[in-house]
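Each structure below is given as structure tokens.
The two complexes that follow have chain A in common; it is paired with chain B in the first and with chain C in the second.
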Partner chain A sequence: MLKNGLRYGSAISLLLLTHLSMLGIVLVRGNYETPMDLVWLAVAVLGFDLVGIIAASIYRQMTYTLDLMLLAILNMSLIFQSCFGGVDFFSNGLKHLITSAAAMIACELGFLLTRNHEWIRMQKKYIYIVIGILILAILTLTGGRSMWITFKGFSIQPSEFIKPCFVLVCAASIVELHKKIKILFFYVSKDTLCLCAATLVIFGLQWWCRDLGSLPTFAAIFGCALVCRLCYPRAKINKTAIAAMCVGGVLLAMIAWMLAPSYVQDRLHADIWADQYGKGYQQCQALIGIARGGWLGVGPGNGKLAGVFAHESDIVFCTICEEWGLLYAGLTVVIILIMLTTVLMNPPKSYYHATMSAGVVAAFIAQMALNIFGSCDMIPFTGVTLPFISEGGSSMVTCGFLVGMLKAGQSPLFHHEVPRRKKKPQEKPPVRRRADA
Partner chain B sequence: MKSIRRGQHLITIMLLVFLLMFGVLIYRLQTKAAFYISHSSDMSLGKVYDRRGDVLFDPKATAGTYGADYFIDVGNLIGDDSRQMTNTLVSQNRERLANFSFMLGEQTDGQASVCTTLDHTVNRRVYDRFGWKNGCAVAYNYVTGEIYVCFSKPSVNILDHYENIDSLEDGSLLCKVFYPTVPGSTQKIATTLAALEHMGYETLMEKSYSCIGGYQNLGGEVIKCHKDAGHGIQDINEAFANSCNPWFAQLVEDPGWKLSDIEETYHSMGYNINNEDTPQTIDVDGISAFTASTNLTDKTDFNTQWGCMGQGTTLVSPLQLMVWQSAIANQTGVATMPHLIDHTVSVSGKAGAKATTAYGQHRMFSPENAAHMREIMRYNGINRYADLLPGSVVAVKSGTAQIGKDKTENSLLTGFVDDPDFPVAFCIVIENRVSGEVTTSQIAATMLQELKTALDN
Partner chain C sequence: MIDFNELFQYIRNLAIPDLVLCALAVVVLDVFALSIILAANRESRLCRKRWQKVSNGLELRFWDNHYPLEADEILLGRHVSADVRLADASVSRYHAVMTVSAGVWSITDLDSKSGTYVNDKKIKQARLHPGDCIRLGSVQMYLARQSNEPDARRTRKGGGQRA
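For the complex of A and B:
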């Protein structure tokens, strides 16, 4: 029996209530020139809610919590983005509405592609090919050591699309892990070797493109995969080996820390307040903004952070804190966390989906931590986006796809006939028709 | 299912770590928000008051409400919120002055304020006593550490809002009390203390050297005395009172001690010798006062001897000269650290804890030698400065510092009132003083008498 926490009607009521209360705050405390600014925003938000609810009803799965929560967070994000620096839906929010819609579609796509763990597992070689194509696109189309492809004023970040692909190659079934070969003194599965190679290539690409901000996200996904691979049943990995690997990981991190380029070292050792109007400008303004906002905020559109570079992306959490207060910013984080905890409510039924879900959660947690704690000077500032909230089509579509994968783990498909099985029915263990765990 | 549960555990751990960090973030924001907002250029700040409730800083001050030059004596000490000056009380205490709380946000009518130990009336009178001369003066309670008087001339009138910044005199934007200057013969206090520490009181008292108006040291160079005819044969009391350079040159050369002995005492008093140490600062409620420095190479070297008499490369801030007096006056060898802030008031009007007395981290010299030094300075005060404060003994040391290539002379006076009911130590500097102009002793007399009257009331 799948758990949803709330009944479908109650969940929809809560969703609408959240958005209506936010629109009410904009009406009372917001900074808008004419009531029409607010009307357009309300029409967009409630319209998106309506379309989303209808779509969710049509494609209603065994669990609807994630669909509705995704809709809730995307529309909250739409309200935030439309209000930064003054309520203006057409200037600030329209693009975000389009990318939010794309995120919803990507979510459904991610769900459909990954809900059958046996089928998606067999596509792994194609996923590697997709990663390869994306890397080639970055190397050839970005025009130098960059992560952005710009075409006629339209920019996309292919490295974002590598994230869900990387989660998929990190996910593994027990069958794959059992197929081991001996290298020197170690028995390693072929799948793990391929994964390590792909990881090295991706890390190298990040290093080459000087986009070290995303590196911790990939490292978190890989770390999760490694732990899952070490701890699968009958892995015969003792605690000493795990401890040795942890020490090795720490050593590697320390070496990377020491060998990091000068611009990274600057960020690692930066005292932002000593250079408030130089390198520490963004973070100082962000923290001043949070302080100015306090718990209740200065009101939508009344913040001063809207004049600071990347207020809608890299320091978006602080911009929300300033305008809406820490209370609403915290609520936003809580909603994202609840989305991630649905995995705990409805555990995956297969080992492949379990490892995939862990990878998705790792990606979201790492990215949220980098954005929130980085902009608040608790960890080095990396300039990554906050999932669902930051402006940026590539990021939104990727986040939507990842949520689809999370949903797939909770609403899996087991009875799909996979062509390869028909050819070699003898290789199929009977138990794997339900789950290989 | 066991392996799936492990995956679940992994997810739980990640979520818990994130939640923990988010909790830490909320705690940081709650506790450090005032610090963050204090860096905002448009933050509403509270007022600064003196010990009697006189306003020393008001962000809404105008010439009409306070008078055109009301803040002139504290312009470069208390400062303002323009950020033109950074080493001032307001600049360094914006967090305490911020009318802000994280719960309620900015409060334009908040009651955040800082109450200082300064006496604005006395401060202004002593400031005016300088007349057209420039310099600085500082006085504090050597038992409690409360600063009563502190100013530096030329100053800046913050009500002019820096519109005349191009025509301001050099040094207007900093309070010279906290910055190093050539100490002149006031340095002989430190040299005498070094001799007391390493030769012993009896031995030093037995030392007598002759002054015939000059002394050719073992390096072959002549140290001249300010009295051409010389002072004749003197002991330490007489030489200290006469500020006799040839006598002190012979003391430095004395075979009874080594250069390292002088260095050791200087070090413990906070000198940076030969630039071998990292420069330190004395913190006065966020304001940084620079500590002393000198160059010592050889006992027979002219420059070393000259440095031990407070000339050449020797530099000490007036604040530090004053702080040393506390260790002598209290006869402890430990400095009483000065403070300007008595207490703060929060944005909601709640008074914070009153400042407590802080002491130097280590003993600079022994209590016995502090007592001996006190007697030497008292001897000087009784014989030469008896009229500074009628009814009290003021132990002092004067100094004349040669500044720059044109050898203009700054006049200094540092000392303390040897009275447990009026425990005040001070340091006064008059720049480019020439004969016939106001003297440091006249300013000291005004300062001590005004201060005594004010504190008695």
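For the complex of A and C:
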């Protein structure tokens, strides 16, 4: 069925079995009023599986594991979200199903747009223009120092869409590093200068909008791009430069820590247990929820965290821990990590795809770390979403697009315009002159 | 017509232990992850084969050094960041770049001072074929099919062979 000649029967069967086993848990341990609640959820999950597999088979790709993993995670997330506070697909899960479908479409779009690096290199200026438009939208349409655009009850977060553009800019500029210009006494690459300028603008915007939660994600992407530059070309690691970069990063982080505004300082030095019913309420409840869930959880829909603000987005990991248990929540994170590490099993063959894949993985890992460790009070609480699991259209679409970029690294299109070798003009045989007698 | 209420009630009344149910779900998830890892492994072999087709399984040989062409773009030059570093004064820092498309390698001169020569002919951009002799400044190298000799020295940098 899938078009690369390999068999995926067992993987697809296990994918369906995974979702069926989760539905089995909901059936036996779940909190639902009528069986139809569960039937609708089962129809949605299995239908989405079927549509996803058919959609994956449309395009010829070299690898399909990322498609299957994405499908598995999105449907797991759909089951989790539908069960929060009681199993009810229509009030809890329908919106998430729509955003998951949008994520799948964004994934295919990301794949098709980014698999040919020759083409994307030519479109680089348009990516900068898109970033500029998104920044302008944030500055003008959000109505103040905010990252959200609200229109008739529908909210989007444009800063999320900057992430894939930023990864693309990082990747598209690396292949032209050898084109350097001399400024004063230094040879610098024009692309590197443009990238640094774009980074500064994005960081400044995040600071101005008080969305410091996303800042580490952008920093991780930029850090990866820098490391790829220092290691350009492939596998050649300049240890001194990397050490200098690490020291510089630590120094910058310390300066940012000291200069952080008062509301950030509050979070950095917050003692959540001293203010259990005030600023620390969410995190206290989240930690209590994890403890209440234990290894196996209290059962889907039986958790109390569903009444806490942002239980489906910022502290979603703890909500899953409470209802499904620490074991299953941990395994869900492991599944996401396995999806990201498939890139290591099949390393990309071009600098562009390698940098892009590194940036995407860095963005996901940074975001996951911020969400999970933040909600468990191990680092300051940032309010960043957990990729693929948290509710939110902008986040889901961005995650889908980023996975499409990973897929592009696995099934790239190598297409260069190569001039044909000119055929040598055939020498005419010398005309024999009749020797004059 | 199936009576879902009765069926669901019957299943719930079976009182399957939580531990058994959760362990089953965890095992299924683990096996799924394992099957994906195995599938990814098979895919990586397939991709390697495809890359062999794309790159034509070629390598650069200069003196006793073998450099397998394992990326779609190979930078040749004197600079430390070049893929194939040629520590010779006649070679520019970023001298030439080799790219591949559908099994055909081509070389492009990056405005080097001493020029790039393929089979003793100065070129700006040219297609390459196995057996072609490439000369950058005074360094000469050959494009050849990859050898499977165990003692073949694979290198990322070297002095090259003086022309």
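In this section, the second predicted complex is superposed on the first by the 385 of 437 C-alpha atoms of A that agree within 3 Å, B and C clash if a C-alpha of one lies under 4 Å from a C-alpha of the other, contacts with A are read in each partner's own complex, and residues count from 1 in each chain.
Simple rule for what comes next: a residue touches a chain if its C-beta (ideal position, glycine included) is under 8 Å from a C-beta of that chain, and two chains touch if they have at least 3 such contacts.
Keep in mind that this is a model prediction, so the values were computed, not measured.
More residues of chain A lie in touch with C than with the remaining chain of the pair chain B and chain C. By the touch criterion defined above, A:296 reaches both chain B and chain C.
Of the two partner chains placed around the shared chain by superposition, neither chain B nor chain C is touched by A:171. With both structures placed on the common chain, the touch criterion links A:69 to chain C but leaves chain B unconnected.
In the superposed model, A:340 lies in contact with chain B only, and not with chain C.
In the superposed model, A:373 makes contact with chain B only, not with chain C. By the document's definition of touching, neither partner reaches A:219: not chain B, not chain C. Once the two complexes are laid over each other on the shared chain, residue contacts for A:326 go to chain B alone; chain C is not touched. Contacts of A:351 after superposition: both chain B and chain C are touched.
Put simply, chain A uses residues 232-233, 295-296, 349-351 to touch chain B in one complex and chain C in the other.
Considering their complex, residues 174, 224, 227-228, 231-233, 273, 276, 284, 287-288, 290-296, 298, 326, 330, 333, 337, 340-341, 343-344, 347-351, 354-355, 357-358, 361-362, 365, 368-369, 372-373, 376, 378, 437 of chain A touch chain B.
Residue ranges of chain B in contact with chain A, taken from their complex: 1-8, 10-12, 14-15, 17-19, 21-22, 24-26, 28-29, 33-34, 36-37, 39-40, 100-106. Against chain C, in their complex, chain A makes its touches with residues 4-6, 8, 10-11, 14-15, 17-18, 21-22, 24-25, 27-29, 34-36, 38-39, 62-65, 68-69, 72, 175, 177-178, 180, 232-236, 238, 295-297, 299, 325, 327-328, 331, 334-335, 338, 342, 345-346, 349-351, 410, 414-421. Chain C meets chain A in the complex at residues 4-5, 7-8, 11-12, 14, 16, 18-19, 21-22, 24-26, 28-33, 35-37, 39-44, 46-47, 50-51, 54, 70-75, 77, 79-83, 94, 97, 99-102, 104, 106, 110, 125-127, 156.
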